[in-house]
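The same chain A turns up in both complexes below, where it pairs with chain B and then with chain C.
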Partner chain A sequence: MAERDSAPRVAERDSAPGAAELRAYRALLGAQARSQAAYRTSFVVDLVGNVGATVFDVVTVLVIFGVTRELGGFTLRETLVVVGLSACGFATADLLVGNIERLPRYVRTGLFDAVLVRPLGALPQLLLMDLPLRKLSRAVFGLAVLLFALVSAGIDWTPGRVALAVVAPLAAVVFFASVFVLTATVSFYWVDSGELANSVTYGGRDFTSYPVTVYGGWFRALFAYGMGFAFVSYHPALALLGRADPLGLPPWAGWAAPGVAVVAAALAALAWRVGVRHYRSTGS
Partner chain B sequence: MGSVTATVAPPTGAHVTPWFRTFGAIAAAGFRRHATYRQAAVAGLFTNTVFGFLRCYIFLAATGAAGTVAGYDRAQLATFVWAGQGLLAVIAIWGWTDLADRIRTGEVAADLLRPVHPVTSYLATDLGRAGFAALARLVPPLVIGPFFFAVYVPRHWATVPLFLLSVLLAVVVCFGCRYLVNATAYWLQDVRGPMILWTLGSGVLAGLYFPLGFLPGPLETVLRYATPFPSILQVPLDVLVEREPMSTGLALVGVQAAWVVALLALCRLVQRRAERRLVVQGG
Partner chain C sequence: MSVIEMDGLRKEFTVRVRAGRLRREKRTVTAVDGVDLRVERGEMLGYIGPNGAGKSTTLKMLTGVLTPSSGRARVCGLRPVADRTRLALRIGVVFGQRSQLWWDLPLRDSFDLLRHVYRVPAGEHAARLARCRDLLDLDGFLDTPVRQLSLGQRMRGELTAALLHGPEVLFLDEPTIGLDVVSKQAVRGFLAELGRAGDTTLVLTTHDLADIERLCRRLVVIDHGRVVHDGSIAELHRRYGSRRMVVAELDAALPEPPVLPGAPVQRVEADGRRLVFALERASVAEVVAGLAGLATLRDISIVEPDIEEVVARLYRAPAAVTGAP
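Presenting the complex of A and B:
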């Protein structure tokens, strides 16, 4: 890697990455890919094991529909669109930035110091240092569930809905990625936060796997609208299916997904910058 | 150096009291060790609570107009979910790799030199850990749940002691499974594969993702009696919510006890076979 700066500098950068930086990132990614593929059997086991987690999420939905005809006023075919959007969005975000959940360990062991003194952005480095290619299988499966759901739901396709079917999963990826980064920044302040982040990341995945009509009270208000999870899968699914929201939001709420995702990304970026600035090394 | 049989012969009758004293001391150490991770316990409790809300709402939605599903009414489902979230930490279903790590690094040699059988000493530590978890992780969800959902209170006085016994057996069954998964490190070094299979299988087959009653009847019966998985989570919960008559509950606890005996015997057998081939480098 080219040593462009000898002096340690604060990691966050305002300028767009230059060609040299992109080369460095590509080198990091290439090294990751090679090292992970080196142990081929382990890699295959990991690929299979990782798809299993998402498979069981879908199986759970199927089993629940084995004992009931509808869930929160939605049929299996309709719910599968919700599941597909959630699974596709979460699995892809988990592949791209899910490893940020290791940040507490990096902070505790002091590895984060090493990341900060390098002349590259801290966040991209952390993501590329350990990009879990084994999670590829999960993302592909999530996409397959979404495609199957979209085909089998009997959607009355219009140009607008085709566009939404493309934009909504991308917005879901951005939203979940933001949630991963946001929750990880907690460890800058509370190193022993342990599985706390899981309650929002994996909790959000479970929440978005079902129509929000299933939930009730302040819990629904908090997760669905306070944190915005309703716009990840539920409202886009309503817009795709052409159903009115039983809870009374207008039909355009499905189109709010990209906007909500952008807001989430902005919040995550802000929280990350504030968090990095707050970071105190644990010492050597 | 010649080969040594590190595992001592089981103590005979005259040594029973010291044996219990040793077991108790190791268990107490396990309790104290885990009692120091208080912040992690609070964070875990928060996560359990969020998932308690999620699963409770989802399962309750499945009851529909009839108000019952798979032999549970709404209150029983709520108790099933909240007690289940608490039990997760007590049985420590996921994340235990202590033994596998020690096998990989060779530190297990120190365990083999001790005058206590490794299965016994790890079990004692685990029971101490479970004791702390029962206080710090099982009680709070049982208190939080009723604030937000109508929960089921056992009707029969004998249910509570039977539930506690069932939880104790569940901890040991879960420990036995985890020990076996970890012990594959003696042969494989890298336990990632078995660990992934265990993590995936245990969550679904133990009744965490959905009560096994949601499955077709014969499938649930096979899982209950022919695999140890329901014994680590579903059985204590079914006992607590009195899903079936007391006699069935007693029978299920009996099945748990049988799994305890079978799994601990298997752990010792696997341990003995492993010690014969274990090579630890260094001096």
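Presenting the complex of A and C:
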């Protein structure tokens, strides 16, 4: 009885749900842009201020090369490719997905409950409703560093390397985005997980800003291969530069970046699903 | 098929309690403890209980926000968690302490966004919005950013937001909390109107029993996660012996409260010039006749049983009522 009555109500809606959903997400993005435009002055200040952190990362590398000619066996121009891949990947992921680290706040303010009762995915809604457009400047700067590094590193361009130069930054974005989602998901279970999450996310960013040869022992093993951060910038950079890995991994390791990113994304998606099922909401 | 079905619905939370300096003990708290309920199409159900009784938790399980620990829930024939996005198209939710509106944008923009979110054809959307504007008197603040609205205005906006996609079931969690009298009346009047139309099922949790008296023929009381009453308000009074009262205003106070058979004095007010009798076995006429012989009556009024009192009594003695049929 209820089924029969309700059938026409559902059928009235758009016939192509995929397109309609995309329109819905676009509307959410537009609303976020308009909301931020309500605070125009502070937005411009934020836009400029946000370049700071990434500039600082690059300056740090330049300062180091002021006192040494090589870093872990790599020259400045070579290291800049590593820095560029890392900065571009991290800043873009931070722009698109970074605000998911505010998940505990979304839970506290009830926004998470609100998105769960709407007919759209919870994660894309949260990301679009709180997209930090001021971080756009950082992503653009990261891309600029990467382009400069690729041009000045004297790369012997082959069709394969051109493809890798496009795919590797994208894989870095996906990888960092997955790290953001994975660490945020921990807060479903453990509310005070913020510091640990930051040490993985921002520690990972710093780790990928240098050739992994500068690190040693268990620390390198854990971050580089245990968590996969070596495939974000170090191995793709080796493949682009045509250098053999001093640590002995085969040359194709640089091409593993997209695969590692896909695995990370799958893990993050799974963790998110399980996390939402364990979500406890707040009182009242 | 019922619009809402709950069978043995349970939700447990594990809480870590500090036990000693470093040790933490796990404790299980059962928020909803085996609720069985059927709600039919067009019913208006009042779902009440003291703080922490499990009202909101039940609503969150029915709307797909929380995953039940065990038991079964169906809303519109769908599984709330597994079919969450499909169910969302067919239900409306108003959480009194949560907002569906965009804080920094004019109220009108939120409605337009929700049209996209719920994929509602423009004509349908416009018709429903026009009706809400009329009934809830929204025109004065449609262009005001939501953050500048009063609570009453915002709640009227929330109600509209929840109804623009024409939901079959409307869940309301404390829709009148914190509202002034005028806004409360506006919200109640609107919901009553919605109920009269008859095709929207309404489930309402509230602290304000006037909401229930005004709107709901069926009342479910839960306490400690269990249903302790399911029936009409009249049945509740009958079962828990709530009585009508007779209030007598006298010209002058009596030296001592009168003893009338079957109608004990409940309260003495206004220096003895106002007496309140509970009607146990006596009728109103008997009380009036009995009093007329003792004093000069200025006024007589009859007070219907106060549901608040009944429910308060119910909460205080949960053990006594859980066994009742």
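Heads up, the rule we're going with is that the second predicted complex is superposed on the first by the 264 of 284 C-alpha atoms of A that agree within 3 Å, B and C clash if a C-alpha of one lies under 4 Å from a C-alpha of the other, contacts with A are read in each partner's own complex, and residues count from 1 in each chain.
The working rule: a residue touches a chain if its C-beta (ideal position, glycine included) is under 8 Å from a C-beta of that chain, and two chains touch if they have at least 3 such contacts.
Computed from a prediction, not measured in an experiment: that's the story for all the values here.
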Practice problem: With the two complexes superposed on chain A, say which partner A:T68 touches: chain B (first), chain C (second), both, or neither. | Solution: first
Quiz item: Which of the two partners, first being chain B and second being chain C, lies in contact with A:R243: first, second, both, or neither?
Solution: neither
Exercise. For A:F56, select first, second, both or neither according to whether it touches chain B, chain C, the two together, or no partner.
Key: first
Quiz prompt | Contacts of A:R102 with chain B and chain C, given as first, second, both or neither | solution = neither
Quiz item: Between chain B (first) and chain C (second), which does A:R77 come into contact with in this model arrangement: first, second, both, or neither?
Solution: neither
Quiz item: Is A:L196 touching the first partner chain B, the second partner chain C, both, or neither of them?
Solution: first
Quiz item: Taking the superposition as given, does A:S42 touch the first partner, chain B, the second, chain C, both, or neither?
Solution: first
Exercise. Pick one for A:R273: touches chain B only (first), chain C only (second), both, or neither.
Key: neither
Self-check item: chain A positions touched by chain B in one structure and by chain C in the second
Solution: none
Quiz item: For chain A, which residues are in contact with chain B within the complex?
Solution: 42, 45-46, 48-50, 52-53, 56, 59-60, 63-64, 66-72, 190, 192-196, 198-200, 203, 206-207, 210, 214-217, 219-220
Quiz item: Which bits of chain A are touching chain C when the two form their complex?
Solution: 1-3, 5-6, 9-10, 12-14, 17, 20-21, 23-24, 26-28, 31, 34-35, 38-39, 110-111, 113-114, 116-121, 277-281, 283-284
Quiz item: Can you name the residues of chain C that touch chain A in the complex?
Solution: 1-3, 13, 41, 52, 56, 60, 63-67, 76-77, 81, 84-86, 88-91, 93, 95, 97-100, 102-105, 109, 112-113, 116-121, 124, 145, 166, 168, 173-174, 199
Exercise. Flag every residue of chain B that touches chain A in the complex, lowest number first.
Key: 37, 39-40, 43-44, 46-47, 49-51, 53-55, 57-59, 61-64, 69-70, 148, 190, 192-193, 196-197, 199-200, 203-204, 209-210, 214-216
